[in-house]
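Each chain gets a letter, A, B, C and D, in the order it is written, and its residues are counted from 1.
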Amino acid sequence: MGLDVTWAVKWLTLSAQAMAEHRVELIELDRAIGDSDHGENMDRGFQAVLDKLAETPPETPGAALKLTAMALMSKVGGAAGPLYGTAFLRAATTLGDAAYIDAASLAAALAAARDGIVARGKAETGDKTMVDAWTPAVDAAAAAAADGDTLAVLIAAAEAAEAGAMATDPLVARKGRASYLGERSAGHRDPGAASSALILRAAAGAAA
Amino acid sequence: MGLDVTWAVKWLTLSAQAMAEHRVELIELDRAIGDSDHGENMDRGFQAVLDKLAETPPETPGAALKLTAMALMSKVGGAAGPLYGTAFLRAATTLGDAAYIDAASLAAALAAARDGIVARGKAETGDKTMVDAWTPAVDAAAAAAADGDTLAVLIAAAEAAEAGAMATDPLVARKGRASYLGERSAGHRDPGAASSALILRAAAGAAA
Amino acid sequence: MKKLINDPRAVVDESVEGFGLAHADLVTVSADPKYVTRKDAPVAGKVGLVSGGGSGHEPLHAGFVGRGMLDAAVPGAVFTSPTPDQIIPATLAVNSGAGVVHIVKNYTGDVLNFETAAEMAQAEGVEVRTVLVNDDVAVEDSLYTAGRRGVGGTVLVEKIAGAAAERGDDLDAVAVIGDRVNQNVRTMGVALTACTVPHAGTPSFDLADNEIEIGIGIHGEPGRHKIAMENADGITGRLLEPILSDLGTASGEKVLLFVNGMGGTPLSELYIVYRRAAQILAERGLTVERSLVGNYITSLEMQGCSISVLRLDDEMTVLWDAPVHTPALRWGV
Amino acid sequence: MKKLINDPRAVVDESVEGFGLAHADLVTVSADPKYVTRKDAPVAGKVGLVSGGGSGHEPLHAGFVGRGMLDAAVPGAVFTSPTPDQIIPATLAVNSGAGVVHIVKNYTGDVLNFETAAEMAQAEGVEVRTVLVNDDVAVEDSLYTAGRRGVGGTVLVEKIAGAAAERGDDLDAVAVIGDRVNQNVRTMGVALTACTVPHAGTPSFDLADNEIEIGIGIHGEPGRHKIAMENADGITGRLLEPILSDLGTASGEKVLLFVNGMGGTPLSELYIVYRRAAQILAERGLTVERSLVGNYITSLEMQGCSISVLRLDDEMTVLWDAPVHTPALRWGV
């Protein structure tokens, strides 16, 4: 079996909830080393995702992610909009029309998402961006996928993403708006890494 | 004998000192019911008077007051500049070329100054303006002049002006910038009345 | 108080000097006595237009010196009217023989200083007319006050009278059109924050975080009353209501709508106010024929705005549209 | 936070609506997707110019839509770059067949969103060139950052490239002159106060009463470093020094000097900065051929300024002087 469109819709719904709940926190993180909009942008974007899901309920997980990509691309703006848009689009492409996602294709979809972010943003590990949440998540997912348990893959990814986001605290940013601060960016968590961890935690929550 | 040009120069010098010393206080009074410039304007104006006195030392009290009128008119600006300018000009005209001022002509000069202010500003007693310091001062001076003692005239004028200035506290302004505040102007001393009292006190101080 | 200044007492000197350097193609600056004239003044045969007042309202007045508007501006100290020894030479400098109109905002200081200057200029043979601007509806009872203040309408008087002078109207005609603009314009302002006069160093009034000051003038003096903070639509209604009722506009009339920033308010917010004001005017059946949005008559860094409504007639519209070329207002040239 | 707004989330919608009402003679506003086009767009045979970015920098960009400058502006949320679904239709709307130039400030968000939009517009048959503006010398080591930001120079690129498009230059030529302006302009800014993004409600950074932030961008992000408050002459020197050394100007060269307010600074203070900047340039043997002083690219109500110096050649000067008719910049027409 594996994860189906119900899981995907639940994932996106929980993600939207998480963005609304953590809106102020993400704004605050962005205020410290950016321009105070990340939480607002993500909240607005995922509300648009919910609207789209209600409007045209998707029939496959891939369709749900594609719709998400389009909504985020057209409603988030800023750096995060195109990056998340590309991530969800690449994941959707990997999943194709499949009705069910097994552990291996789940791990592959996560890897495709991460690769999309890197392709667009050109950030390397340690540049203090959302990549620092995604790369450990992708690695942990790949390792967990061997056992074939999708929930275990998602939990591993979420935990790794959370650890990765926390690990951005001491880093000096080299990409995105925070990079203008140089050394002053150290001591603050990257907002995009934080929102990425929330989204991946929502994915696990939806499968639990 | 009476008051001579030395007295006049000392009066103006003490006035300049008083304006410098009370600059912030006059600004604060004007801040409450006006536009925060009265102390700055008077200080600037009387510094210009000092410069003029040094440049072309006057030979009569009347000449000293005329020079003062011109300096205030050209350096103070605002409402106070033309009002004080006219006051000093009218007083100077009254005194003419006399080398010495007796009590009667002193009282007449003060009355002329006050009349000048009223002629220009059209304020009545109780309108909460500098007139409320000048009119009691002129009345007290006239009464004291009967005894022929110029110092007594000046002390009477200074005391009356101070009382008059204090008495503006509860009034509602009907002229000048404070009038825009209506009832909100009550509870504050009129800055022009306060500076008038300082100037008349300096006149007494110079004669002591 | 944080300001981009050097010595607080040199603010006007240095600012006017910089202004003169930046606009050397348009204006000439006299440093002492301080005044700014149009580069080609006096313009032969043309009535001269002189305005002035305290500094701190930039771009008013110096920013409006140039073809089609003022011939001279006379800046006083911050929030302090200029003195006759500045106004007189400015008046003489722009007199081509056709006489000079003084545009004076109705504040005791401005009135007295311009009055003295006009008298002395006349004594020197210059014909002077005075247009007194008093468009501020916040001053309710002008019997018991120094009368209504000159505020936002001043900009409109200067533009339209300036165009009349430029097209060759004579002295009386320029004064008459200036008066007509004044009689047909009403203004009301609001402050969200006070401003700080450089030499004073403390804010000009105290305002709590949830309070605004309604019916302010332009000198940082407190307004008619404080009210609790409201949203932009609410504030706009509060400003516009007394303007329209005092002006007595009737459905079908044409107006110019002027939303002016007090210096520290973003342009984006002025457009939010403009939006609501335009809606209200439309509801009243008024046609907004012309509009102006921006910081034109300010109170240093104060946050807030004023709204002015000018009832237009065809001649005023033509004069409004006439070419103007000044540092702060320019079109048609 | 006191602002003349209604719902913090409606700020851009309502402000752009008001802007459209106030300038209905010049622009057309599309509400959703949100973008502003020149009233007569597409102009037959003319290369289209599109710019955009986060809101909160008004008058940039919508204020520069009109003859001789931009054909379209695409406003994002406050400090958030717009999305491809706005940029694409704006691009299509101003394409007359001669192609479209995107003027993009170098921020990751703007670059990515315009990149996507350009790709998709090209797929629809519109030739697109991108001019990336990155004039901010505050970003020292562009190897270890997202690269220099696009700041004050953007206004100059838009004006000069706009004039090139208006005179009939082809797509590549317009992009080339835009690039040339960018390569010859350097900017540096300072904040005396932070600004508050409406939806955030707290100031974008913390600054003590005696501190200023040097090397800021335009999004309320903190700058290169904080220093103790200094006077205007000192600050001007600090901003100009890195500009001139990076630009490598030589005595005898001609420049355009642009002193820009961040939104909450009085014009009078900008002229004090201009004065000192002009003195320094004169000391270096540079000739200030053209100048611009005012609030053109802002950060909401932030107090502070930026200085830009553009090394001029004759063609740039001619294009700078060419007629422009937009809500925020107008001359020659």
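Note that in this section a residue touches a chain if its C-beta (ideal position, glycine included) is under 8 Å from a C-beta of that chain, and two chains touch if they have at least 3 such contacts.
Keep in mind that this is a model prediction, so the values were computed, not measured.
Of all chains in the assembly, none touches chain C and also chain D. Distance between chain centres (mean CA atoms), chain A to chain B: 75 Å.
Between chain A and chain C the centroid-to-centroid distance comes to 54 Å (mean Cα coordinates, whole Å).
Distance from the chain A centre to the chain D centre is 32 Å, each centre being the mean of its Cα atoms. For chain B, no residue reaches two or more other chains under the stated contact definition.
Shared interface positions of chain D, defined as residues touching 2 or more other chains, are absent. Arrangement of the chains shown, judged by which pairs touch: a linear chain-to-chain path with two open ends.
Taken pair by pair, the chains that touch are A-D, B-C, C-D.
Residues 33, 54, 76-85, 107-109, 112-113, 115-116, 138-141, 144-146, 149, 197, 199-200, 202, 204-205, 217, 219-225 of chain D are the ones that touch chain A when the two sit in their complex. Residues 27, 31, 33-37, 40-41, 44, 73-83, 85, 120-121, 173-177, 179-182, 184 of chain B touch chain C in their complex. Chain C contributes residues 2-6, 11-12, 14-19, 21-22, 55-56, 58-59, 63, 192-193, 209, 212, 229, 231-233, 235, 259, 263-276, 278, 288, 291, 293, 295, 298, 300-301, 303-305, 330-333 to its touches with chain D in the complex.
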